[in-house]
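This report concerns only the one structure given below.
Every chain is named by a letter (A, B and C) in the order it is written, and numbering of its residues begins at 1.
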């Protein structure tokens, strides 16, 4: 199972880099959905010996929510708002990838300062989680469309979730349900606000949202 | 047990009721009903000295009790004002607003009761989500922008706090699986065996995460936008209630650090964030043109003071708890009065507002008094708490901190005085544009009560409150 | 202490009862005035007892705030300040009952009366608090009440600005005091002054305490360069309030300084030298700046700075005496200082009330707009003349006595054969000479000559509620000048309470100084008798004879205008030009041009040097500097998140 875990983790990173590489918005949403599915499968490969219902429920919830429901919401927002598919990044393709690579290195650097927790499954989980969090932040920071920012937030959440998988067995299910619910509600409210912004400003570019300052 | 359930469920049930009510005129009274019931239940807790709990996850401890009581008191004040306010704003439907307020009350109560870091996180995130519709009440482009920024920054912050929570769990399970991970009462006795590097990492993420929620610099950037654009009522609840909840989260974190013997790691970070927040507030207070944003920076400042007090420990921690209560009450006066002034003058630009004392005698006097209170002048309570924190700093012999603390207080005083004094005094404008609603009983009575409470706390701290604050402070090594 | 409680209660009721609904204006005014006057009268009793050497039991009530304790006590030092406070307050309130009447037409005076009462109570508490927390609360309440009183006419831009400046200055001073008392309390382990006194743990922190106390109390007292609020706030405030502020409130700074420094058993010599230097600077600069003013209240404010300078010089001399273990110098310095505090409180408030009376009659504070008021307002004129003589330190008035004591202290210091110790006396002499120039100018411009404006020529004498307080205050000045020997033991007791002097030494020094002072009093009395005798003789000789009065010879020019008189500005031009590098004098003028000039104009003003040349530019510079940071809040949410991100990563690398 070790190889499967590593493969899934690499897929997660690749999805991040794909989004950073300023592809059209639709493709990015699909990449994040794909990332969500990969994450959903991770608990099964990380804890192969433990086949509890708890794990399966989490996996199923993850795949469903992150792989289908939330991407669906985002696609609907694109359709409703008739948004052009380009992402309008604030930095170029090369810079994006370059920064992404730096962040992967940073993730490994910070993870290197922390002792590896036992039963982690793979030594790559922590660095991948941290760099995914940071790349999510990078997407938020470097994208002009607020829909892309929501997407970045989703990537960030995926990173955190990757990390949470270390603890999958240790955490009570109720908390995880709460976490998932909150994330879902968060994205839902973000979607609603994006819709309002589109109606109010006639665009969803963050450049318009700079009236409040000092 | 029953009390606890009632405290959490009454607002939710009434939220359901308010969804069903058709009339915008009658719906706001649901707030008052919920607040009165909530407050009487909390008062009952004090009278009967009960410490209810449901299982181990939800239970009341001294720190939670202080925060819960503050939430209840401030919400009661806000609810009475809200009736007056919403009756003036009948052009806007208030169904979402009222419902969200009630959910907000419930979520903040959960925070106060929560003994589990995961649950704490869920509840705090729920408060973020419940407050987003409150910010957007005015439904204009500016409030929309503020809401978006609030949502995005706080969501990212709270996500980092989630990561921190996970780190904390890793620190706890590092030596091997444990019973009931992340549960505070279980964690404290075994805190010595937490993995130190993971605890440190968890501390940083939780500090940044909950610090965002609390509005500490440099994560405070949403605050001026949100407080500036939201109705004064919402600004009050965010600055008084929500920040206190975030402060409670930091207190929980401090409890763990203290039990693990890691306060030497935590203190400098708290002090750094505290002074940084005060400094940022000072810089942005000078030359501020918008009086509601001024209040937001004042909130950043006071959160800095709380964090500083927590970091200094000992006497200063007691001062921080006292300050939390005082700040909540005084912010109420200021935000609600700013709301009245905004309604009347129809502008938030301080230089366009003159002669409030003349036009709105009650609001003007209360705004002025609130300013005096919030800047820590006797005879108001904030003087006592700020002075106690100063004594804590002096007692520790940190002269640099003393200088930074007082320097920021001085600059902030100058900045606020330059805005408030010309607003309150001066000739009122003659144009008909600035002729919104006048003071009414509902919109001035509660701030008056809040101000009286701050005044009383400056002249006399009741022994029951003193004991409760001391007990709360003792959880994190405070003393008096 | 029962008396003090009763007194404060009456003053409080006076301030609160005016809010009773249904009270007519007259009744409210009467209630306030009567209750406050009665309260002040009752308050004089314990002050007098303490000064007379009785030990009064202190009040100790537990107070449930951190570190706080309601502890009120009156020793001789408190008694002295309290005595002055209640006398001046009573005078100011009685004066105010008439002065505020015209305002009553357009606005409610309830808040003024409330804050006036609050101001009086807070000052009384400052003088009696024996606990640092209580002291700070009283101190700041005094500042707040003072702010609302200064902002009485807050609808005027100038007044608003002055009130704001006062508010900021006083708050910054208070912040320094927070540290002073915080350090004292934390080191001594208690906030009671009695526990702090002589506590060994204080010694290590004595220098920061001294410096911060100097800043905190000095900003209230008006030490140069912390005086900047004074010349703005005094003119802005209503006259009775200016009288209270100048007569009493700025003395709280002196009181606090004496209280805090008195906690140390062995003050180092450099404290005395520093205080003396500050005093000399304030004295000289204050009087030089006063010369250049034409607004009478602004002028009086600068004169207050000068007098605070003299007072501080006295403290310096006294402390040097303590450091050199010379009780005579110590007593002369400190008793002279305390005496000057009382004296200045009396004559300066009389002068401010006089200015108020003139303002009430003519509607202007500009000395250059008055003239010839002596014939129309003879009683006000007499009071102002006597108070002016007193403030110049001329016998037979009280100013002479206190300055004489400080001179004696300075001379005794000079006998130590060190040059720098000798400068005190010449500087005092310089200040005195300039003060005479100042006040002869001010009195001459307002009361002598002929009226320059119509309002001045139509001025009417004020009513008895204004005249009685002025008369009482100037009468007190004369009384003290005539019987200084009687007052001296009380002053000695107050000085002994202010500094660590042993009782024996004090008695000895009093024995040395007392008879001398009695002789001075006798001489003054003889002088006064002679003057009265001569005046009566003149009256007797002239009785029944025609006394012709005609205008001054105009060198044959028959179109003499009232505006051709010497004005205050022209009178002061020469002395001001001597100090031109110290005065920021601004002149606007259109000189007469050609053989037949159509018009000419001359206008001079002297804005505050420190405020306009140092503080304002500094504030503007730092505001500009700070506003560069404000660009950080630019509205771009992505960058906000970047701050967060960078901060977090930095913390991770720093701390992990």
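To be clear about the criterion, contacts are C-beta pairs under 8 Å (C-beta built on N, C-alpha and C of every residue); 3 or more make two chains touch, one makes a residue touch a chain.
Bear in mind that the values here come from a model prediction, so they are computed numbers and not experimental data.
Peer 1: Select the chain whose centre, defined as the mean of its C-alpha atoms, is least distant from the mean of all protein C-alpha atoms.
Peer 2: B
Peer 1: Looking only at C-beta pairs that count as contacts, which pair of chains has more of them, B-C or A-C?
Peer 2: B-C
Peer 1: How big is the gap, in whole Å, between where the Cα atoms of subunit A centre and where those of subunit B centre?
Peer 2: From the centre of subunit A to the centre of subunit B is 31 Å.
Peer 1: Using CA atom averages as chain centres, what separation in Å is found between subunit B and subunit C?
Peer 2: From the centre of subunit B to the centre of subunit C is 43 Å.
Peer 1: Starting from the mean Cα coordinates of subunit A and subunit C, work out the distance between those two points in Å.
Peer 2: 69
Peer 1: Which positions in subunit C touch two or more other chains at once?
Peer 2: If we look for residues of subunit C contacting two or more partner chains, we find 630, 633, 637, 641, 652, 656.
Peer 1: Residues of subunit A that touch two or more other chains: which are they?
Peer 2: 110, 113-114, 137, 140, 149, 209, 211-212, 214, in rising order.
Peer 1: Two or more other chains in contact with one residue: find those residues in subunit B.
Peer 2: 148-149, 152, 156, 160, 197, 201, 224, 284
Peer 1: Enumerate the contact residues on subunit B facing subunit A in the complex.
Peer 2: Touching subunit A: residues 116, 118-119, 121-122, 125-126, 128-129, 132, 136, 140-142, 144-149, 151-152, 155-156, 159-160, 162-163, 166-167, 169-170, 173-174, 176-178, 181-182, 195, 197-198, 201, 224-225, 228-229, 284, 288-289, 293 of subunit B.
Peer 1: Within the complex, which stretch of subunit A touches subunit C?
Peer 2: Against subunit C, subunit A makes touches at 90, 106, 110, 113-114, 134, 137, 140-143, 149, 206, 209-214.
Peer 1: Sort out for me which residues of subunit A touch subunit B in the complex.
Peer 2: 110, 113-115, 117-118, 133, 137, 140, 146, 149, 153, 156-157, 159-160, 163-164, 166-167, 169-172, 175, 178-179, 181-182, 185-186, 189-190, 193-194, 196-197, 200-201, 209, 211-212, 214
Peer 1: Using the touch rule from the top, collect the residues of subunit C that touch subunit B in their complex.
Peer 2: 63-68, 133, 136-141, 143-144, 151, 154-155, 157, 160, 163-164, 167-168, 171-172, 174-175, 178-179, 182-183, 185-186, 623, 626-627, 629-630, 633, 637, 640-641, 643-644, 647-648, 651-652, 655-656
Peer 1: Once bound in the complex, which stretches of subunit B touch subunit C?
Peer 2: Per the stated touch rule, the residues are 148-149, 152-153, 156-157, 160, 197, 200-201, 204-205, 207-208, 212, 218-219, 221-222, 224, 265, 269, 283-284, 286-287, 315, 318-319, 322, 355, 357-358, 372, 375, 377-379, 383-384, 387-388, 390-391, 394-395, 402, 406, 409-410, 413-414, 417-418, 421-422, 425-427, 458-463, 466, 480.
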